[in-house]
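Here come two complexes built around chain A, the first alongside chain B, the second alongside chain C.
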Partner chain A sequence: MIVREISASNINKANKKKGIKAIIPYLFLLPHLIFFAIFVVYPFFYGIYISFTNFNLMGNPEFIWFDNYVQIFTFGSKYSKDFFAGLGHTLIYTVTAVPLIVFVPLVLAVLLYAIKNVRIRNIFQSILYSTSILSVSTVVLIFTWLLDRDNGLFNNLFLVDINFKGNAVLTWVAIISLTLWSGVGGNMIIFLSSISSIPKSQYEAASLDGANAFQRFFRLTLPSLRFPLTFSLITGVIGGFNVFGQPYLFGGQVGSYETVMMEIYGYAFGKSPMAGMASAMSVLLGIIILLVSIVQFRMMREK
Partner chain B sequence: MSYKKVMLLALSVTMISGCTVTSNLNSSSSHESIPSGSGSAEGSTSGESSGYIMNITKEDVAPFVESPVNIKFWNPITGPDAGNLQNLVRFWNDTYGNYIKISNDPLAENDHYTRLLTSFADNSTADLTIIHSSRVPIFQKQGKLRPMTNMLSKVGIAKEQYLESIWNASVYGGDVYALAWDIIPTVFYYNRYLLPEGYTEEMIHSDDFTVETMREMMKAAYVHNPVLSKRTYGMAFNYAFTENPFISMLYQMGGKPVEEANPTVPTFNGAEGVAAAEALRSIPFTQTSDGYKAASESGSNHLNIFRQGRALFTIDGLWSTNSLVAKNEQIDTGVAFLPKVDETATRSTYGDSHVFATFTNNSQSDHKDNAIGLVMKFLVDNSIEWYKGGKVAVRNADIENATYKAMPWAFISQKLDKVVLPQKLYTYSTITGTTGEYISKLCEGTLTDVQAALNECASDAEDLAKNL
Partner chain C sequence: MKKTKKYYISQAILITGMAILCFLWLVPLVYMVLTSLRPNEDINLNGFVLFPKVITFDNYVIVFRNTQSAPVAKWLINSVIVSLLSALLTVLISALSAFAYARMKFKGNKLLFSFLLLTMMIPSVISLIPNFLTIKSFHLNETLAALILPFLGGVTNIFLIRQFLYGVPKELDEAALIDGAGYGRLFFRIILPQMVPILMVVGLNTFLAAWNDLLWPLIINQDAANRTMTSGLSVVQGIFDNQKGTLMAVTVISAVPVLVVYLFVQKYLIRGISLTSGMKE
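Right, the complex of A and B next:
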């Protein structure tokens, strides 16, 4: 009987300990969860709610059901024109900038890895990464000075007359260039660390089997980089769809560079604030990003 | 030096600076003596003679000795005129900052309004703000603005001191909702050095000066030099600033942007609007006899071009005078009204206005309102400093002030019938705000059919206005 009681109390104690142990990880997570709930979960659901209202940041929101969405999909309306034009510009940016922001750092990472002298490699790595620490506004300011039509270094140094802000194509070339210049560092570091983690013995074995540099890259390096590449591509696409700072600050010919995020910002805080409409556009953008990400994941998984 | 020594030194510096801050705070809260502020105060922090008027007396400030007040002051003054406001705020804070401190917090115009709008959510709006008069109707309609009638009357600011039209622009139901500090019209800058032969300054100021005459002058002044930095233009055209010139020219033709009786209906797409848009877009399309564009192209920095003495004309707001008005080796700037659309038009210009406004917020109190009233009084008493940054006077006394009269744009005050203020309609800034995009596209050449463009613009404006 006594033995039974002791064993029961022991079991209770052990259960209690187990319970506490199970809670401890969540306690460590709690600070993050609190902030996540306040700054991500609540705004997420509130944003969806707002998209069904006529909230203008000044008065109380009134529920208007799908009115905002209907206006966005009423082709020819101001909202529809702005949203789809913005989406078009965003797609131009995403389709051109994202492959570059993955491909160029990959090439740089491979080239860096090929440098045998670690000190020299570190110097180049630091130089190439240094642009990534600059804020978007700083980068845009530098490029604005560089590419200024009349007083810019580019035109004066090469004695050419290129008006980067007077033509839609050139404006996008400038915006994508500055994005690339400031964005290569992050992905390059990720790729470089992944390449470094591939066992050297595999390369040696491949070389012994007669594989040349290209074969080693395509048969060994690239497959090993599947996960970082997927990560870069998906974060790049999400970032591409959310692009705002670069075109907003660089500017260009009216109507040629406004992205969907700029339209959302304009509707939320412009001369005629319509946070409800801006939220509806944000929800639609969120759905688009979600769908694109799912497709990307599936394609990557299949491959 | 060892790590420990460096740390010790850093700690000592931190402690010393901390003590200094504490002693400053102590002295500021002791209120042992209020500096004399009455009369015309002299001197500033830099030791220069400021000449600012300080009509606030010790008695006025006395209630704030025991309970000092901090006035959160949000404004969109970040351009070339920012220094003029900073000078005034610095002078006030040097004089009465221990009792009523102005926390000047300027942001670029878009960000300023973004901050205002987001602050409504938790009623944390600033105690005192500067907004544009065209925005007053929408904020007033939404119940965000507080009447300042009592605040103004307590410090002796009255209707009789102001131009009637500008005072009435902020009056709703007998209450004053904003106090105008200036008029900021769209103007026409010219460089005297580049005036072509046969054309005089008097012609530019004449009531008969049309866009066509201006284009002739542009062609005559245009010089093309293959060396990039030497290129000179008839006009440094600002493609991002077409809304105000268009509205000005619309008014010149007798049109209005919004229907008074039905404020959600735009009216800028009538014959007057078409004539205005045609005239405006003819400027960047002006070509010289040898085929070169006489105006700078989209993407160029019009301010730089004009400042470098490479353009005869430019169109901008009067607030850019600190950047554009100068007399040096490169430019000798003159200021005039915009040229008129054609012979049938009246030479006039559209002018918005900076106004002081108080929004509803959590920290409002009678005590603070008294302080805000004193600050506003100080600022408007010293409007001359403010006008130096490119502003037209709105107080009757200032219009007669000798310093103001010497400003290159003071002539506008003598022709105030030619300055058109925004319509007092809650849809006004929204409806006029849509025009900039379309007029810029017409000027850039990405749109060509003026009537179709204005119709589409009107349709956009109506879409927005009916949701307000």
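Right, the complex of A and C next:
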């Protein structure tokens, strides 16, 4: 009996060892996969499910099929007005801020690269990038005070009386300005390091062929920046559709600056939560973001 | 040498122009600091002045004395804890996972990794409400864990580290495994030190992202004591409405830690930005 037990345990041990070896890779993956399952995969499906319910964060959600979506697309309803006004404001931000947040850093990178003294160039780069690490709250508070109607630096220095919260255009000018101040640094560094990686011999050859600065920029610099430019554009557009902090914190006239994310936030976590409606809006915004990113990825590939 | 003269002039113009831009760039920061040094009564009475006539640190005292509605010291501590732990845990979890995907043979490796990449396309907005409910069902809302855990499932960092690992010679693994080291030993003793550059990048990015996050902490932790610096800052506007000096003092306090960190880690940060944009180093 004793002998049999020992041999059985030996076989078990050998099997176990083999079994353990096969598990090892999964042990490396496990910590991430747990969080991935709980906070990435599950919420995606659950979020879509909630959008088909009338869930209000309390009690049990009741399945109401496409009611939330129907209400959003019933033009003239409160939900429809809120969603599409929000989408409109989000689009205003995206089509104005995103091109600028790609174009301005491009100009800055080209100018910085033209500075031959590397030390001076690095100092300028550090200063222009330093504002990019500040949080959106810090930046908005600074600009709110800077643009204050009575005591702000802007109005007093230029001897004007501009109320940046007075109308939609001015509010967006302010929001886009503060976005640029705190947002051009990252792209500038990406572009600058791409430009720096172009072999100098190529520039020299182009110069010898009689190409002037503009020709060199369009024929040499710009093509080599195609990938980083597209990358910045894609991340910019995704960020643009998700814009929340800047308008939420800066404020303005009611009905002139609320973005989709603010509507979703308001509906989901406001005084009378409508998580179902907010989820439907999230899904619609998600679909828009997904479609736009797919189109952009396609364009990047084709080139 | 006509060309060199032209060269020096154009460089001088360029440098002067950029210097002016950089000066203007810093004006909002300087104005913030100067305002924070003005007594509130002075601001309310005299309005705008370019340079304060009276300088005081009272505003900073007021800020740290308010421990009820705006416990800024607590917010700072919360932010430091959340950002540091987020960075450390993200680095560890992502490195373990990336190592397995890049270096280990197991069933479903490619399939699982493709699935991870696919989820990168999911717009995060859809997960917002479900994650709120999940954290609440774990009774973790109003805790610092709520600000860390949901971000540990991210995929981007695994992708970055895995890419980096393809540049680390595979012979290292083989040698170690032949010597009888297990995968655990191989990972911690040999591969981890090789990964330091990319882990610095991942850690820094995670730290800053956690520090600067607004929406999630705003939703999940609403008690004043559980806010972070960034989410707390969004409520101080109402609290110090007629005390602009104090308001700017809070803003300075929120900006200084990241700016100091920036001074020290600038090099890594800048390298990280070019790395994450998908370019080769």
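By our rule, the second predicted complex is superposed on the first by the 262 of 303 C-alpha atoms of A that agree within 3 Å, B and C clash if a C-alpha of one lies under 4 Å from a C-alpha of the other, contacts with A are read in each partner's own complex, and residues count from 1 in each chain.
Assume contacts are C-beta pairs under 8 Å (C-beta built on N, C-alpha and C of every residue); 3 or more make two chains touch, one makes a residue touch a chain.
This one's a predicted model, so the numbers in the text were calculated from it and none came from an experiment.
Trainee: Please work out whether A:Ser130 is in contact with chain B alone, chain C alone, both, or neither, and reply first, second, both or neither.
Mentor: In the superposition, A:Ser130 touches chain C alone.
Trainee: Of chain B and chain C, which one touches more residues of chain A?
Mentor: C
Trainee: Now for A:Asn156: first (chain B), second (chain C), both, or neither, which partner does it touch?
Mentor: both
Trainee: Using the superposition on chain A described above, determine whether A:Phe269 touches chain B (first), chain C (second), both, or neither.
Mentor: both
Trainee: With both complexes overlaid on chain A, does A:Arg301 touch chain B (first), chain C (second), both or neither?
Mentor: Neither partner.
Trainee: Quick one: is A:Ser77 in contact with chain B, with chain C, with both, or with neither? Answer first, second, both or neither.
Mentor: In the superposition, A:Ser77 touches chain B alone.
Trainee: Identify the partner contact of A:Ile120: answer first if only chain B is touched, second if only chain C is, both if each is, neither if none is.
Mentor: A:Ile120 contacts chain C only, not chain B.
Trainee: Just chain B (first), just chain C (second), both, or neither: which does A:Gly166 touch?
Mentor: first
Trainee: Is A:Leu111 in contact with chain B, with chain C, with both, or with neither (first, second, both, neither)?
Mentor: A:Leu111 contacts chain C only, not chain B.
Trainee: Which residues would you name on chain A as touching chain B in one complex and chain C in the other?
Mentor: In chain A, positions 57, 148, 150-151, 156, 269 sit in both the chain B and chain C interfaces.
Trainee: In their complex, what parts of chain A are in touch with chain C?
Mentor: These residues of chain A touch chain C: 22, 24-26, 28-29, 31-33, 35-44, 46-48, 50, 57, 111-112, 114-117, 120, 123-131, 133-138, 141-146, 148, 150-153, 156-157, 181, 186, 189-190, 193-194, 197, 227-228, 231-232, 238, 242, 244-245, 248-249, 261, 264-265, 268-269, 275, 278-279, 282-283, 285-286, 289-290, 293.
Trainee: Name, in rising order, each residue of chain A that touches chain B in their complex.
Mentor: 54, 56-59, 71, 76-79, 81, 148-151, 155-156, 159, 161, 163-167, 251-256, 269-274, 277
Trainee: Taking the complex as given, what residues does chain B use to touch chain A?
Mentor: So the residues of chain B touching chain A come out as 110, 113-114, 117-118, 120-121, 135, 138-139, 142-144, 228-229, 231, 239-240, 297-301, 304-305, 310, 429-430, 433-434, 436-437, 440-441, 444, 446, 459-460, 463-465, 467-468.
Trainee: Using the touch definition up top, name the residues of chain C that touch chain A in the complex.
Mentor: 11, 14-15, 17-19, 21-22, 25-29, 31-32, 35, 43, 47-48, 50, 92-94, 96-97, 99-101, 104-106, 109, 112, 116, 119, 121-134, 149-155, 158, 182-183, 187, 208, 211-212, 214-215, 219, 229-231, 233-234, 236-237, 244, 247-248, 250-251, 254-255, 258-259, 261-262, 266, 269-270, 273-274, 277-279
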